[in-house]
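So, here's a batch of structures to check.
In what comes next, chain A is part of two complexes: it sits with chain B in the first one and with chain C in the second one.
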Partner chain A sequence: MKALLIRDLTLAFRAGGGFGLALAFFLLVAVIVPLGVGPLTEILGRIAPGILWVGALLACLLSLDRMFALDYEDGSLDLLATSPMPMEGVVGVKALAHWLVTGLPLTALSPLLGLMLNLPGPGYPWLILSLLLGTPALSIIGAFGAALVVGVKRGGLLLSLLVLPLYLPTLIFGAEVVRRGALGLPVQTPLLLLAAITAGSLGLLPYAAAAAIRICLR
Partner chain B sequence: MSDPQNWRAHRLVAENLSVARGGLAVLEGIDLNLASGAALVLRGVNGIGKTSLLRTLAGLQPPFVGVLQVPPEDLTYAGHADGLKSVLSVQENLSFWAQVAGQTGTGRAMAAMDLTTLAHRRAADLSAGQKRRLGLARLLVTGRWLWLLDEPTVSLDSASAALFVSVLRAHLGQGGSAVIASHIDLGLPEAEVMELTRYRALHDAPSRGGFDEAFT
Partner chain C sequence: MSLWEYANPARFMRLTERMLPVLGALAVLTVLMGVIWGFFFTPDDYKQGSTAKILYIHVPSATMAVSAWFMMLAGSLIWLVRRHHVSALAAKAAAPVGMVLTLIGLVTGAIWGQPMWGTWWAWDPRLTSFLILFLFYLGYIALWEAIEDPDTAADLTSVLCIVGSVFAVLSRYAVNFWNQGLHQGASLSLDEKENVSDVFWIPLVIAIVGFGLMFATLVLVRTRTEIRLRRASALMSRQRRA
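So, the complex of A and B:
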């Protein structure tokens, strides 16, 4: 499993691996929105939690279609399926690798983008915490979606259609945490719900994704 | 973990096996009994179901009908694609598969398939034949008893094909086994040849499952 994680991370950082793509996209969203909305700091501050969360979500979506498709195309997925590694473990490791190259850097970059969007001061710790709690769910839900479209040629668009609705609860509660945090309101309820979604997804979806891959490989 | 010491007791048994492609049986009534140290060559025209049979034996798809007994976790499959990452070097590709199989050491496999001089070259920069050699070297690093090979000599020149046959023969000599789908004569006279045309399924037979086939 460690070997697979190291290989996936190596591939992400080598040429054409796509590391930085999600980050650059996230950055662009935060640059473009103020240009579109205009220099009204009050409005920007109010919509910043939503924009940041939508940006993080779309950035996560960008690299999802490569998660299993590349391994499927070059035959690695067949070989992994016949290897002693359980498919659930493969899914978990791939989702972890995806999170390490997208979710974690996005979280680290988010305060800077919050600044660009004029996010009110009290919101920053909650922004980081909510992304830290929520992005693992984005990766594992995305892994499930990617597993469903393994073997579908150019399944990227289909993948987005499948995965975006599943992202909604995470988006709603994640953005709500930041919004309430920025206004100085209690954040406990959305935070707990966000954590519950992540915990539930991490617990259940590797099995669903592994089952989907086994069916696709037949 | 697979240990050549235990290979002598291994056996691949199939009884009345049918294999399907796209929910339709392509081959039926196959009986196999492959002992340790034996090789079986599958022959048949394109589309007869050689790949489907190999994938069934590999556990990638369930038997359509029949019973299949394979020693668990002691096989490795080599399909049309070699499972190589083009941005990784020969050495990196090979050691990844070795680690996945819980083995260490890639030097012997690289030497056996004449890849030592290419160890640090990226897989993207290999020729088709060199890629195939790397794909076949992977079989050695997995240390598995049963090799399921789908057209292993495609894009190999005659010298490399002969090299591979000698590697295969060494594997059989250790007590390993192999099932090989091949169109060409491998120069492996000791291998049993199975002509699949005899097992061709009648396509007007009712297909089982239909839409639900994916979920059984």
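So, the complex of A and C:
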């Protein structure tokens, strides 16, 4: 498992692996939105929680299609399937690697972008906490979507269509945490619900994703 | 006699061939009865006037749009557990019907909302969750279309349908949390005292039953088409091999 994780991380960091791509995309979203809606700070401050969460979500989506597809094409997914490690574990490790190269850096970068979008002061700890709690769910849900389209040639667009509706509850609660935090309102309810979604997805979706991969490899 | 006998496609075809004319006639009759009764033989609403009459299309199609997804869920589960092809094909056949019903619910809602709420669209929980349901239908149909091998497609769409159901229900409650609604609450429940008056209730129930029968008819016709398609492609591949 460790070897697989290290392999995936190395592949991601080497040239063309897509590390940094998600970060650059996240940055781009934060640059594009003020250009689109105008530089008024109070408007930007109000929409900042939503923009940051939508940006993080789209950035996560960007690198999903290569999660299993490359391994499927060169046959290493077949090798992994015949290895003693259960497919659920493979999915979990892949999702973890995806999170380490997208979710975690996104979370680290988010306060800076919050600053650029004039997010009110009390919102920052909640922004970091909600992204830290929510992005693992994005990775594992994305792994499920990627597993569904693993056998489809050029499934990238289809993947977004499948995964985005599944992302909606996470987005709603995540952005709500930041919005309430920024206004100084109590955040406990959405935060707990967000944590519940993450815990539920992490617990159940590896089985669904592994089932989908087994079907594709049959 | 067990229900599972009709999992045999040949038996299914024979049964539905006999059933369809009756079912179709009943569906046309009840839909027409419910809608015409609702449109012409009910008093105008005291506040909304005759705009409220779109109710007799809006509510039945919305009800059936949700029911269709549950039917697909049942079909997917039966396919995964018992591997009956008819079940998977019925789920596939139901998806476009459900999607169109969702669209009808959204469009009639918009037409109704314009004079009543003063807006075509509001980010109300019910409206939003219906839009999300529409996206789920789109994804499900797209996945069926994308995969060539029919058994793989049936398996994967079934898994998607199960996971999607969980997330669709989750979204339904998440959007409640996210925004307060303009849409009225339930007024057809069997367990509540405050319901819509009988004058409106009876034609509405007839219309809902009619839409249900119409849905069943359409799904059966489409399932028969799918079975014939499957048969045709099997024959063609046999011919190619010979």
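Observations
Just so it is clear, the second predicted complex is superposed on the first by the 218 of 218 C-alpha atoms of A that agree within 3 Å, B and C clash if a C-alpha of one lies under 4 Å from a C-alpha of the other, contacts with A are read in each partner's own complex, and residues count from 1 in each chain.
One rule holds for everything that comes next: a residue touches a chain if its C-beta (ideal position, glycine included) is under 8 Å from a C-beta of that chain, and two chains touch if they have at least 3 such contacts.
Small disclaimer: the values here were computed from a predicted structure and weren't measured.
Contacts of A:Arg7 after superposition: chain B is touched, whereas chain C is not reached. Contacts of A:Pro169 after superposition: chain C is touched, whereas chain B is not reached.
In the superposed model, A:Ala81 lies in contact with chain B only, and not with chain C.
In the superposed model, A:Leu129 lies in contact with neither chain B nor chain C.
When the two structures are aligned on the shared chain, A:Ile213 is found in touch with neither chain B nor chain C.
Judged by the touch definition given at the top, the superposed model places A:Ala56 against neither chain B nor chain C.
Shared-chain residue A:Val152: touches chain C; no touch with chain B.
Of the two partner chains placed by superposition, A:Ala182 touches none, neither chain B nor chain C. Under the contact criterion defined above, the residues of chain A that touch both chain B in one complex and chain C in the other are 215, 218. Residue ranges on chain B touching chain A, taken from their complex, read 55, 58-62, 73, 75-77, 79-88, 92, 96-97, 99-102, 138, 142, 214-215. By the touch rule above, chain C contacts chain A in their complex via residues 132, 135-136, 138-139, 142-143, 146-147, 152, 155-156, 159-160, 162-164, 167-168, 170-171, 174-175, 177-178. Of all residues in chain A, only 144, 148-149, 151-152, 155, 158, 161-162, 164-166, 168-169, 172-173, 176, 189-190, 193, 197, 205, 208, 211-212, 215-216, 218 touch chain C in the complex they form.
On chain A, the positions that touch chain B within their shared complex are 2-4, 7, 10-11, 14-17, 73-76, 78-85, 215, 217-218.
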